[in-house]
Amino acid sequence: MLPIRQRLYEVIFEADTKIGKFFDLSLLIVILLSILFVMLESVPSIENKYHDILKIAEWIITIIFSIEYIVRIWIVRHPRKYIFSFYGMIDLLSVLPSYLALVFAGTQGLMVIRALRLLRVFRILKLNRYLKESAVIIRALRESRYKISVFLFGVLTLVIIIGTVMYLVEGAEHGFTSIPRGIYWAVVTLTTVGYGDISPETSVGQFLASMVMIIGYAIIAVPTGIVTAELTKHSQKETSSRVCPECLTEGHNHDAKYCNECGTKLN
Amino acid sequence: MLPIRQRLYEVIFEADTKIGKFFDLSLLIVILLSILFVMLESVPSIENKYHDILKIAEWIITIIFSIEYIVRIWIVRHPRKYIFSFYGMIDLLSVLPSYLALVFAGTQGLMVIRALRLLRVFRILKLNRYLKESAVIIRALRESRYKISVFLFGVLTLVIIIGTVMYLVEGAEHGFTSIPRGIYWAVVTLTTVGYGDISPETSVGQFLASMVMIIGYAIIAVPTGIVTAELTKHSQKETSSRVCPECLTEGHNHDAKYCNECGTKLN
Amino acid sequence: MLPIRQRLYEVIFEADTKIGKFFDLSLLIVILLSILFVMLESVPSIENKYHDILKIAEWIITIIFSIEYIVRIWIVRHPRKYIFSFYGMIDLLSVLPSYLALVFAGTQGLMVIRALRLLRVFRILKLNRYLKESAVIIRALRESRYKISVFLFGVLTLVIIIGTVMYLVEGAEHGFTSIPRGIYWAVVTLTTVGYGDISPETSVGQFLASMVMIIGYAIIAVPTGIVTAELTKHSQKETSSRVCPECLTEGHNHDAKYCNECGTKLN
Amino acid sequence: MLPIRQRLYEVIFEADTKIGKFFDLSLLIVILLSILFVMLESVPSIENKYHDILKIAEWIITIIFSIEYIVRIWIVRHPRKYIFSFYGMIDLLSVLPSYLALVFAGTQGLMVIRALRLLRVFRILKLNRYLKESAVIIRALRESRYKISVFLFGVLTLVIIIGTVMYLVEGAEHGFTSIPRGIYWAVVTLTTVGYGDISPETSVGQFLASMVMIIGYAIIAVPTGIVTAELTKHSQKETSSRVCPECLTEGHNHDAKYCNECGTKLN
């Protein structure tokens, strides 16, 4: 392994050294700037005024990302594995749109792909203490995934039936032009978003809508309850890890120095 | 019992065999397709273009469901019991609308009945591991049904009084044309849906509305708290997995030393 | 005490006897009907058509309530105390508007007072098992009243500052005609109601609004957390009431027959 | 220290004496009145009618606050420290705008600064029992700040990607004129505010929007779960009120037999 490869490895992959931290921070700023430019480019008034500056900035960022991508491929032990990994794909997608735009004209759709650069931020954050906290949330969500699936499926059924009923009750003249539109309305209502672009106008429709809202109000409790129960369980488990050497009691507080049950000193 | 009846029984009612699983999956797809066709039929532009294809697809599905219905009646031990059971009724309602549409013309209302086919999905899901999870949710909801009833009744009273007050404050010229409409507005507001089809325009009305919203914000905590407390209780009880060697009772507390039911020492 | 007074007392105040239950149920129906009539009266199309029927129905109900009110005064031990009690006032307000409407014409405001009849329903419900459940909710709300006050005060401060800032940022031409209106908007947004009658139109305003919404999204967790923590505490206490006669251990499950700790039979 | 300084100190800084309580209450009323006047001044119709009265009221309040500010500087032990403290700055900002308005004309922006007077209320409230309760909420929020940061960052990423996709799907003709506007829409939708000033109109857009709403419905559970888990933990710890006779440590678990800190037997 070449010394320069090893040094680059430290800079790019290690987050504990000073230079590694500096690299992570710089990359974070470049990514956020890049997202900002994508946004600004989409605002007509700004795009018209600063078109050239945005173009140049986009190319500078693309070149930085390209170099980083090539260096990564060069220094990792298993380049193929990296290229086809989740972050490898994101890294490629971060630079590809700019090059493709050279070949194909009028490719607005590439903008979304450029916005995906934001996902690169997660790699940087992965390396610090947010990792542990997000792990708790993700674990709670993962362990409650069956309950949440059941809930979502129930909501889906409810929404389809409500949407069909409202389509028949209100009809096309009040904005419910089809069942999918009725379902869209049911989702908007049940989730308490309530745009008001479609809203019931007949008395029966308003009565049914009121009932749907109250149901939505009640069932929002379910996912909250599921996640909370899961998080509470974990946060309670979190406190209990040490075992008393004398009486083998578990479940001591984090800051406990002596055993609750027999008074033996804990280590 | 004929061998063919027995084999059909296995296919339709058992989910653990390979062919049983295949049958369940096929039925699931047919049901979902059937719902999709009902939706598409309601979209005018699609209905005009593909009227014939949708009609044929509907009849194919109706015939599949009809055969399935007849086979089920044939193979179950107590046909009468099946016919009048919840799923028996749903199965009948899944095929009836298509036949009725032959006799009666312009029967839009049958669409809702066809949408009820979706409920058939639950029978299929009943047979897998989602059952246990949904049981936890349903038990939590059932055990908190009195608390939720009290809550809903309180909300109802609040909504009627608020609706009446706002009807008097705002009046017909601002959209509050009657007390039921005021109540509709109160529900829309208290549940934080907020369509904006009716919204207060006087200063007093907007002040009252602000108070209603903050109340709604606070009381949304109540159903959530109820369900969460119930789910937390269960998820804590859930963790006890020991079985009494004498009476085989499950669900003992973690720290239990003797069986709750028969007093036998637990190990 | 006259026998008739005693019998009337049983009918009106006791809910366990058969006639007492019948009286409660009848009263419940009359109250709900009376509310229904108040609502229907406010709908112009119904009022025009059935004016006379509604008038007669209103008078029948008023007379029933008047008789009930007089009988209650007659049979209670401390009439003065009853008259000035909460339910005594509600009972009086249930009949007063109709008599006042004879003297004064065009008294729309009396409608609200008539809607207060709904509160009478709570007296009837007080007598059954909903009492215990609502007690749990009310106790949880009462014990968290300081935390909720702090929360509401914080929300109020936030809303006033946000409303003032938005009034300056957006100005009268985008609907923010005054600070109170800005505060109204802030409440509508923070509580996630979102009518859309006033919505930010400048870029700065929309950026600030986005931040307000995300804050609102985060702080809705606070009241929910407060009430849930309180309800969880109670629901955990709820399970522990019996004490083992042998080892005096507390905290047995509701359905426990033998002590967890020593195996003694519980009574 | 002069006797008058000492007496003023007692009046201003102590809340337990009768005169201290009276001072706090008076100050609270003056602050709230002052905020009310700022609000009323912004309402065109009131401002036009009562311009002079509001002007005079504003000056009376400014003079009261100025005197209070000077007295505070005079009596505190470290005037410099007070002046540059949070509340010192707020106190200065409470009087500055009125004096600045004498020099500079048309300074609408000073209104926000005047609204900051509301923050002074917290100093008064700090002195009573609300302190303890708000401490619990603040501690729960502080201890869950990493989890909430992770959550907010996840929401931000989601919102940027959704906003970009919707900008491309719906386009400028349906109100999604730029990516920032798409992000604004995504925040409005995900937080279930739903103004309806921008809403999807294409079928694909409405389908995506429905999915965003259901996601928003599910993830609202996360911050609630986080805060609730934190508050539950505290409220359970809170219940332990025994004190160790040796080391005077508080906050032992309910079932603790020996002190966590020094191992002494608890009674």
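A, B, C and D are the chain letters, set down in written order, and residue numbers restart from 1 in every chain.
The definition used in the following text is that a contact is a pair of C-beta atoms (placed from the backbone, for glycine too) under 8 Å apart; a residue touches a chain by one contact, two chains touch by 3 or more.
This is a predicted model, so every value here is computed, not measured.
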*Indicate whether more than half of the residue numbers at the chain B-chain C interface occur in both copies; give same if so and different if not.*
different
*For the interface formed by A-B, which of the candidate pairs A-D, A-C or B-D is equivalent, sharing more than half of the contact pairs by residue number?*
A-D
_Based only on mean CA positions, could you tell me how far chain B sits from chain C in angstrom?_
28
*Find the geometric centre of each of chain A and chain C from their Cα atoms only, then give the gap between the two centres in Å, rounded to an integer.*
39
*Using the touch rule from the top of the page, what residues of chain B touch 2 or more other chains?*
180, 183, 192-196, 220, 224, 226, 228, 230, 232
*Can you name the residues of chain C that touch chain D in the complex?*
146-147, 149-151, 153-154, 157, 160-161, 164-165, 167-168, 172, 177-180, 183, 189, 192-196, 199, 203, 206-207, 209-210, 213-214, 216-218, 220-222, 224-226, 228-230, 232-233
*Under the touch definition given earlier, write down the residues of chain D that touch chain C in their complex.*
35, 38-39, 42-44, 108-109, 111-112, 115-116, 118-119, 121-122, 125, 129-130, 133-134, 136-137, 140-141, 148, 152, 155, 180-181, 183-184, 187-188, 190-197, 220, 223-224, 226-228, 230-232, 234-236, 239
_List the residues on chain D that touch chain B in their complex, please._
192-196, 224, 228, 232
